[in-house]
Amino acid sequence: MMPRVTENRQQFASDNLAGMCPESAYWFNLANASGHVPAYGDDEWTESVCQAMRELFHADCDVYFVFNGTAANSLALASLCQSYHSVICSHVAHVETDECGGPEFFSNGSKLLVAETADGEDAGKLTPEAVEALILKRKDIHYPKPKVVTLTQTTELGTVYTVEQVRAITDAAKAHGLRVHMDGARFANAVAALGCDPADLTWRAGVDVLCFGGTKNGLPVGEAVVFFDRKLSEDFAYRVKQAGQLASKMRFISAPWLGLLEDDTWLANARHANAMARRLYERLQAIPGVEALRAPEANAVFASLPPGTAQRLREQGWSFYEFIAGGGCRFMCAWDTRPESIDAFAVAIAAAV
Amino acid sequence: MMPRVTENRQQFASDNLAGMCPESAYWFNLANASGHVPAYGDDEWTESVCQAMRELFHADCDVYFVFNGTAANSLALASLCQSYHSVICSHVAHVETDECGGPEFFSNGSKLLVAETADGEDAGKLTPEAVEALILKRKDIHYPKPKVVTLTQTTELGTVYTVEQVRAITDAAKAHGLRVHMDGARFANAVAALGCDPADLTWRAGVDVLCFGGTKNGLPVGEAVVFFDRKLSEDFAYRVKQAGQLASKMRFISAPWLGLLEDDTWLANARHANAMARRLYERLQAIPGVEALRAPEANAVFASLPPGTAQRLREQGWSFYEFIAGGGCRFMCAWDTRPESIDAFAVAIAAAV
Amino acid sequence: MMPRVTENRQQFASDNLAGMCPESAYWFNLANASGHVPAYGDDEWTESVCQAMRELFHADCDVYFVFNGTAANSLALASLCQSYHSVICSHVAHVETDECGGPEFFSNGSKLLVAETADGEDAGKLTPEAVEALILKRKDIHYPKPKVVTLTQTTELGTVYTVEQVRAITDAAKAHGLRVHMDGARFANAVAALGCDPADLTWRAGVDVLCFGGTKNGLPVGEAVVFFDRKLSEDFAYRVKQAGQLASKMRFISAPWLGLLEDDTWLANARHANAMARRLYERLQAIPGVEALRAPEANAVFASLPPGTAQRLREQGWSFYEFIAGGGCRFMCAWDTRPESIDAFAVAIAAAV
Amino acid sequence: MMPRVTENRQQFASDNLAGMCPESAYWFNLANASGHVPAYGDDEWTESVCQAMRELFHADCDVYFVFNGTAANSLALASLCQSYHSVICSHVAHVETDECGGPEFFSNGSKLLVAETADGEDAGKLTPEAVEALILKRKDIHYPKPKVVTLTQTTELGTVYTVEQVRAITDAAKAHGLRVHMDGARFANAVAALGCDPADLTWRAGVDVLCFGGTKNGLPVGEAVVFFDRKLSEDFAYRVKQAGQLASKMRFISAPWLGLLEDDTWLANARHANAMARRLYERLQAIPGVEALRAPEANAVFASLPPGTAQRLREQGWSFYEFIAGGGCRFMCAWDTRPESIDAFAVAIAAAV
């Protein structure tokens, strides 16, 4: 029996529940129409996307396409350190909490050093002070030497580093010889929120390598690893190949990026998701007993629901992420989340409270 | 400037130059039409494919979807041995020659022990004698202990193991406590060539794990790892996740398999490719100076061209694989190779001789 | 210019500042007198030590000799889990804080999950509740699956798990299918403190693998990895060899253990070190302004010194370990620490206060 | 029951059957007499040996002490390449045949590319042509990129590279950007055979890193890793620590080197072993039916014995290494091999023929 093809109810568990956006679907299928195409990225589609990326970032960056975020982050980090080095991240960083030890595996043992982060409007963000404290904590060879700082943009708590905040962290890192990696699974949402130039938020602010997320922005599969310093990407193509991240029919991974980059669809998708989060936030404000933890900066809303509410919503088939330590919920909006889905969800919450 | 969308000339460098077949494209796009779908494989599409696989193999096998063949083979092998064990393969095995050390990387150092193989009609095949000789070669702890035999079906030289040949090798392996892995990047072509039941060629013949190739058979991206012994796949889902091989939007990896499995499209695709190789072989027979190394059993034709011929063909834009040690060429046919492409290529070869 | 050969002042930085005890030196040199001896452990000395270990533990345990504690712990842990598994330890565990990522390296990426521990008399000890909380914290494949609990005996904070406490932890671990490893760098000091049978503190209490420390107890180099369950040590000899931990002239690593095990020298050495710690503790009690954090159970004294004291002692050439977060110091006593060294140090502290 | 302490009959299986030489034993025990000494190499003994090494090599080299040859070679190679690189070695290289995949493990998957070597007087030696052929064999990312050449001095077949031969190989390597490692498990025997300056045979001939063997030359345990280019040893101390190769009581590993280096005992030991091999070779020449494969250049004699002879010698308790593929035997002489042992063995062989 084959799965049903009617469209499912829109959910809020993650922005990776959404499918691919029409623009990426268009190019995916167009790439297929080319018949025989050179394999492993030696094709025109891939070259076009790389060129478009360079234009986007106003830089001669070196771009690689891999299959998912765990691989993008892990390979990028592994290229910046050795097994006896360490990587500084926040305590909620995806690389620490949700990649099943991927960074440790790809680097053959690099340790993640976890910094606590503040609550409030800067929740989930590293601070230069915390970064420096971890760098200086140990100087002996019995502890892995810090070599990389990784920050997630937008953060896992839905906040957005300003350009100045990114710069402050990269300054702290570079003062001690560390490299800086940005986990940009939702980089598009951050750029949309800040309204800045992507270059200003990355290499001009001291970021060495960006993992530019495509999947959550509307691709079917795939992330880009963007090296702004080509010395750091020496032989990275071999690393990608060995790690099982080189697509033979690469056009199907790269071409859909044309749909995102052409006409700034990536920004439009992100802006829409951000707006939907804002809409949900506003709806929640009107429901007694529901307490939003902070105003959404990007496409995530964090709120606390009265006891039993989450349970009732789940029973009605709603899907979202609930934190173990009670009450707090995360609602993610995607590029395709419709206003009426927001409204229907808000009504359901109000009824369940 | 965007890549051209007219269809390119069909080529013979590899069967991964072809795009996706209409049936897999159909399901790929259908899966997209479902809107929001649970991530990481917890969806109906993926469950349907797994169920279809179990029916295909008449077995309660455990099925995982990963992004490419390097990952499929490397993860499967890593699950069968430890870093201080070794893996027996043929000297032309893809895991040895074309995965950039992927198996060694994923297993954290397992050594590949390479067996020479015969020429002639069994070219590229392991023999029970060669396998046993490698198993018995060393018994001391200064050399990695053999733990797995891997065989490629169809082989890298285009030959096809018979069911009896597979059984002979698995018997040799199991007599010494080794496990057996089948690299089935072109498993479909082998089944099509033999006209046998997939179960007879795998678990009934002693194969523990099959990497079932989808990409070369008509998928855009993705291979299946099929464990016939569920004890061997314990925690394999964690392994896949950590290794960056778990797709968040899994439906795009799994649903296209429905296109292959429904109505035995996978077999039809393979039979067609095999037939095209046979057609090319027959055309080459008629060209003086061209010597086919053996009659094709599946979708690869190996032939020796007169000096200078390959060079001239390349200059005319033909793409194929040429062996370093002179003269020998490999021509691969794909699920979409057209008879007229074969004929045009044969005409070009005849003219270039 | 060659180093001086007069005996240095005794210090308190670590029990690994001491040399080898006369008994182990005796056997070391005796082993040398045998002339040609089979390599890699296939010798009588090594067999004798293994047999003595089996008698000591009243068990048919499988014993391996490696060069140091990092290797012993890392190899033992790696043999109990895969890269996508995790290891539960205390936040002060040596494997977490002082092995430069060794466990992560040898296991190819296993994550250490760190449990906070209590202050007070059980400082530094895991509790069954904390262990179970970590086991249950996450059940999804995005986080490494807990597979091992490791406890350090004596703990890094100088406390000693009772037999009942060990049992409570192994019960919690085994209720969830986890294995238990004991880092016994100072196992001798614990047995001396408890006055129990070594078997009661290990396998009879549910410990699967013990790293039995020899270096701090009076050996020049070397630790023993003791598997109480031989199923867990399958092919461990290969693991040791591959990891560069197999001594060719093994007798020099194994024979000195005869000096420790014969006539219970290991216990006498440990009892002496423990007694010296008690003596130091009593001396410190008499110094106004110095506050011992707890009565020593084994050979470590933890105390808080008035501001500036530590600095003055260092200037006088005294060596000990000072915690970053101010004031707290660790004083370790060794198998060879002399009462007059204790007294001299106490006098120096009193003067420096 | 304790092992016997009478001296065993001298054997010829390996030069690691011998114990430690008196000079290294002297310093080993002298180091013990110092009482408390700083741990982890921060001691005068270690500093003295490093200084002596620098004088020996007339270079400001960076020196590390590790426990055995597998670790020395594997760590050195890992420091020169990444997992997706490859290491060129001879087909008889110890790293390929007798380290149980250690190099692959420590480098997380680097592949060894094996060059066939000639027979005759250059048996076991790499040639510049073979090295270059492997470098040029593949240039695509599907195969690990060659990054290091490793040569063994003396070779595993007992031959000795001349200074010119080393230079020819390092020239070939460096012309293509590769680094050069020398496995010097028997470096002393090579220097003794050539009568050259150690600097001429290493860095002046283009060697980047030397693993200087101590164990076979008369130490109880330990090898030195000597970096002639300090850029290559950046953070190597961390690598050693993480890999479980940092001795806490380092003086016991380093001090015995003083015994070797003082008064050129290392050379005297090697010369003696070489002379004993020459003596054995001459004795074998006189035995009908015994055919020495080549005149010994260092401390190994390779000879072919008539059928059944090896078996009879073994039954009489003689120990030596016999090649699987019939007849060929290896007889190793050590720093302590006595002339009368040679003569007795020759008599036994003559009787067994």
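Order of writing sets the labels: A, B, C and D. Residues in every chain begin at 1.
Convention: contacts are C-beta pairs under 8 Å (C-beta built on N, C-alpha and C of every residue); 3 or more make two chains touch, one makes a residue touch a chain.
Note that the structure is predicted; figures quoted are calculated from it, not measured.
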Chain-touch separation of chain B and chain D, in steps, is 1
Pair joined by the larger number of C-beta contacts - A-B, B-C: A-B
Please indicate which chain is farthest from chain B, where distance is taken between mean Cα coordinates of the chains. C
At what distance in angstrom does the C-alpha mean of chain B lie from that of chain A? 33
Intercentroid distance (Cα basis), chain C paired with chain B, Å: 50
Out of chain B, which residues touch more than one other chain, so two or more? 83-84, 99-102, 105-106, 108-109, 141-142, 144, 238, 241-242, 246
How about chain D: which of its residues touch chain B in the complex? 83-84, 86, 97-102, 104-111, 137, 141-144, 324
Give the list of chain A residues in touch with chain D in this complex. 40, 82-85, 108-109, 141-142, 144-145, 235, 237-239, 241-242, 246
Under the definition above, what is the set of chain D residues touching chain C in their complex? 1-11, 13-14, 16-20, 25, 28-39, 43-45, 47-48, 66-72, 74-75, 99-102, 105-106, 108, 215, 220-221, 238, 241-249, 251-253, 255, 258, 319, 334, 336
